[in-house]
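Chain naming follows the written order as A, B, C and D, and within any one chain the residues start at number 1.
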Amino acid sequence: MTVRAAVAGASGYAGGELLRLLLAHPQVEIGTLTGNSNAGQRLGALQPHLLPLADRVLEPTTPQALAGHDVVFLALPHGQSAAVAEQLGPDVLVIDMGADFRLKDPADWEKFYGSPHAGTWPYGLPELPGARAALEGSKRVAVPGCYPTAVSLALFPAYAAGLAEAEAVIVAASGTSGAGKAPKPHLLGSEVMGSMTPYGVGGGHRHTPEMSQNLSAVAGETVSVSFTPTLAPMPRGILATCSAKAKPGVTADAVRAAYEKAYADEPFVHLLPEGQWPATASVYGSNAVQVQVAYDEAAGRVVAISAIDNLTKGTAGGAVQSMNLALGLDESAGLTTIGVAP
Amino acid sequence: MTVRAAVAGASGYAGGELLRLLLAHPQVEIGTLTGNSNAGQRLGALQPHLLPLADRVLEPTTPQALAGHDVVFLALPHGQSAAVAEQLGPDVLVIDMGADFRLKDPADWEKFYGSPHAGTWPYGLPELPGARAALEGSKRVAVPGCYPTAVSLALFPAYAAGLAEAEAVIVAASGTSGAGKAPKPHLLGSEVMGSMTPYGVGGGHRHTPEMSQNLSAVAGETVSVSFTPTLAPMPRGILATCSAKAKPGVTADAVRAAYEKAYADEPFVHLLPEGQWPATASVYGSNAVQVQVAYDEAAGRVVAISAIDNLTKGTAGGAVQSMNLALGLDESAGLTTIGVAP
Amino acid sequence: MTVRAAVAGASGYAGGELLRLLLAHPQVEIGTLTGNSNAGQRLGALQPHLLPLADRVLEPTTPQALAGHDVVFLALPHGQSAAVAEQLGPDVLVIDMGADFRLKDPADWEKFYGSPHAGTWPYGLPELPGARAALEGSKRVAVPGCYPTAVSLALFPAYAAGLAEAEAVIVAASGTSGAGKAPKPHLLGSEVMGSMTPYGVGGGHRHTPEMSQNLSAVAGETVSVSFTPTLAPMPRGILATCSAKAKPGVTADAVRAAYEKAYADEPFVHLLPEGQWPATASVYGSNAVQVQVAYDEAAGRVVAISAIDNLTKGTAGGAVQSMNLALGLDESAGLTTIGVAP
Amino acid sequence: MTVRAAVAGASGYAGGELLRLLLAHPQVEIGTLTGNSNAGQRLGALQPHLLPLADRVLEPTTPQALAGHDVVFLALPHGQSAAVAEQLGPDVLVIDMGADFRLKDPADWEKFYGSPHAGTWPYGLPELPGARAALEGSKRVAVPGCYPTAVSLALFPAYAAGLAEAEAVIVAASGTSGAGKAPKPHLLGSEVMGSMTPYGVGGGHRHTPEMSQNLSAVAGETVSVSFTPTLAPMPRGILATCSAKAKPGVTADAVRAAYEKAYADEPFVHLLPEGQWPATASVYGSNAVQVQVAYDEAAGRVVAISAIDNLTKGTAGGAVQSMNLALGLDESAGLTTIGVAP
């Protein structure tokens, strides 16, 4: 079986990472690539690391250009996916790497994005309870945000096992590629090298309701999330430090057991041996997730930490994993758990 | 008035930063410099950035070498300061940049350091309530740890104003110089560049009881601290993200007012204008502290963030500021609030 | 004596570094600060590391705004300095940090900049033969380019001593601040971290004729320059690796002696002890220059290497040093040879 | 066909990168892994990015441990390969990633390594004239040094076409992984981040005779090499800037044509379109080589620049490419030309 894939938005970081993965996928043939301001340019000038595609030229993002593919990946600005998806028809697999179809509650969407809610699609984080089944055979997938991927995988086992109170405190550090390729002064190399700085503090980051949605579904009660993202001086990677008060009677052994159970059979999530901690360098360029958990008895908190590559498992790898499930391919096809280190 | 200063432990990062500051201090004359394994070497080979001291040669750390100075700075491994301090006599100002005399509770010391407690000296964080007065005229100073400096300055105003519950959750990112100059595999450039990784998770970091001690004294009740330090790919800087549940009835205005009051007259702590967030690059090489605070209404938490240079305000700058107070000099002498950026 | 200084172009990296140095200068009072697109903004938002100037507001760059100062620094785009300087009158010290007045040969200017030549001012690299005398008392100064500063100081002693053939080969690595603060895609942190890349290869970089001009004047013959600049993943610093064929009969001792003689009395240039090599980290934020030289007998070449901070000695420090000479102040006032490391 | 491979020296950076590539090789089964001081440890603790091998345990490097494999890769300290290779027998493919068998002239070896010369094996840089044929079917391969790989591929087309004089000037920047995993103070992250520094200046670097050997063989005359390596603040990558005087009558077109001819059919070397320059980020983790060349008419020099990943094409990728040729596999098996960027 060969799958013909189109990528709308091939000039950005998410699109580039997706193409890197699709080039290594044994069952994918890369079809049309589109861009907006970059339409007409050679990909070799925009994504010089993708040597085999150097002579491809970007087309404008139109229904005609995207027609005739088995799967269409959308790496578009927020709010543009619904219109494109409608025109592709119900039989084409559409995988949205943007935020449009992630949230279930229209009020959350409107509060954080300020536009009408487009709907909700099956959620591309197969490791969450029930998610894998919903993805199998689906023709629509909403790929999770990078932070919600890291945070949900760090914390959901604690909630699934009833170990944590419903107030999570999360501080995450992200590499700069998470902020995209549009040049802005605060993203210049001169500004970010040697510096750590927070943003969207106090509940303002758009990924906050998505985290709460994921954790609440597992916990069976509303989990409030205090989320502080920080920008770290590295191109890739998210390190998410997540904690919540332990419920009464929780023990270190119970915490460990909950995580071992949750991740015993997951191909991409690796619960580290006790004493070893996640490092973003270890998952660089891979779809792997490193998770570790501790019970801080003095503070009475469960502390769970995950490391992912924000562009791979956090975006394009999650998209490919979801495509594999939707199409009935091997879930791991085209993906690796081997990082590029040091 | 000219003060003659000796530095025991001049070959490490703390000693080097101290010398950088003392060279710029208008009232300090740099006397003996000592080292252990590096005794006999030129400082130019060990600290090539300190050009004016390039031809100085390190002496072994002995009472004779340290005699005849007005102030002796100790940048020694944990547990060695008491023996040296005793031999210097009560009239010499001794400023310990190690941990030996920071903690009040011997049980805390023994739990985290595993050796007998040496005692408690006046604490070199003048911005804490009561601390400045205790430093004035003192002959002994315990310089705070770098993390406790950043965390205490981020959070104490909330506790001083009675705004926060007694459980603080702290995640801090530190530059690698905080881990010292002894070569270890995980501190190699190849390992740290491009990577974020936590350590001492779950309550194990030695700075945890020091944070709790500082915040508890201000709060008037025991403040538990959940502390996760992370290693960031930069040489210097600490970004501390600190939060606690807000007490009932707290408002954003009350939070802002508490911080404005706390830092209205502090020469080194700068509460940023609303909407601007701390960045470690902005305080690079300076004794300044950038602080910002938000009230996350949805999560019900006060979120306070600080940025310091771990080697300057976090170690050597704090030591010089304390020296100035102890000797009756201008508190800001030899120190700057201007960072080296970009 | 207090000097009142204005800075035209205070929002960029050169302007920011200049202000950092002027704040520490004992005889300078900082007057008007101007910007173009940033006029009307608080400096605290544009240069958050310059805490003492946070509340200053930028004015538009007009003759009225710049009037009434003893010295006016111009950090303007190429081609704009002449018009501003004319309106300031002949009695005001004008220090141009741009390229407009550096080159002597109008043909060089027109070839590399494509506009009419504005003239030639005394050249602000006091270490070059004859340069210091020309700066003393001058009312106009052309501050050298950052690369020509590093390269000229690395190589001129070899030419002054007649040791090198008139063909220099230079490869230099620069931190990203040398490319300025205007946001461009290739300068994003995501692009530059982890990457080295050349630019302006094959003789195209505008600093090439300036290097040739400096070295030819010392050599007494035209020195051709093959110059390749590279962008390095660091905010600051230039490491210039420069070589030329040795003239017949040259020895390692003669090379060493030439450099020792050239730099015996220079306050900012430090010829390192044999066996120690320049590092940009050692001069971070300082006006110092580290120089080392070797004679490669097998290849028959003199290899000279220098490290500077491109923003300090390479731009703003050179400007302050020149100002000091022009005004008859201590040449080192407001400047340091101490780097901020690690 | 399945090839069973052993790796002697699996705990270092070269061994780790080799394992990363072998894991992706469709015809390789990974057999014994050995270490010295790390024997007995889990690979998961030493190479945490190699998740599929996490539970492998290192054995001591003995003939018994290495017996029974089709290919044995040696990633050992200099001088140890000959003794191990002898014991493996003539029918096992032995690929030495160290320097022992690279040089043809025993005098060169003894001058730079100070021990008796072990011999010369077929040289694992297939792109050099004649090299591919010598590798096919060979049972012994000497993998080139990382710098000689980058430099030879940048310059040999100019020498093959008779365009360049026999004196090459080379300045190369390397990521820190080239310096290995043994912890040394100058390789600490605190030291290397933000710094560029040279080493082995003046002809002292051990890769110098290897470069000269390669270029001389192509040129048909002895090519002298002035080589300056520099350490750059990045984990991986080499950017080699190479130049030589152009022979009389050379034109830009002739230079371009020579490089187009040399690399028309090479699977891993990509001559960039005119106007685009190599960047180490573009080849991160890949076996690709980016090459560009310019003719600097004013200076009369051919300037050729290459970018490689020092660990991949510069070490482990070159080893796998050579293995493929020696065993008659597809030369590109297990290798990619796609970089991991940004």
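Assume a residue touches a chain if its C-beta (ideal position, glycine included) is under 8 Å from a C-beta of that chain, and two chains touch if they have at least 3 such contacts.
The structure presented is a predicted model; accordingly, all values stated were derived computationally and were not measured.
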**Q.** Contact-richer chain pair [A-C vs C-D]
**A.** C-D
Q) Pick from B-D, A-D or A-B: which interface has over half of its contact pairs in common with B-C? A) A-D
Q: If we define chain centres by averaging CA atoms, which chain lands farthest from chain C? Would you check?
A: A
Q | Chain centre separation (chain C, chain D; CA means) in Å | A | 37
Q: Go ahead and note the Å separation of the Cα centroids belonging to chain A and chain C.
A: 45
Q: Spell out, as numbers or ranges, the residues of chain D touching 2 or more other chains.
A: 13, 175, 177, 181, 188, 190-191, 193-194, 233-236, 279, 281-282, 284, 342
Q. For chain B, which residues count as touching chain D in their complex?
A. 13, 175-177, 179, 181, 183-185, 187-194, 233-235
Q) In their complex, what parts of chain B are in touch with chain A? A) 167, 169, 171, 173, 175, 188, 190-191, 193-199, 201-203, 208, 224-226, 228, 230, 232-237, 239, 241, 243, 245, 277-282, 284, 292, 294-301, 303, 305, 307, 342
Q | Complex contact set, residues of chain C against chain B | A | 13, 16, 20, 23-24, 44-45, 47-52, 54, 177, 181, 193-194, 235-236, 270, 272-273, 276, 279, 281-286, 288, 290, 336-342
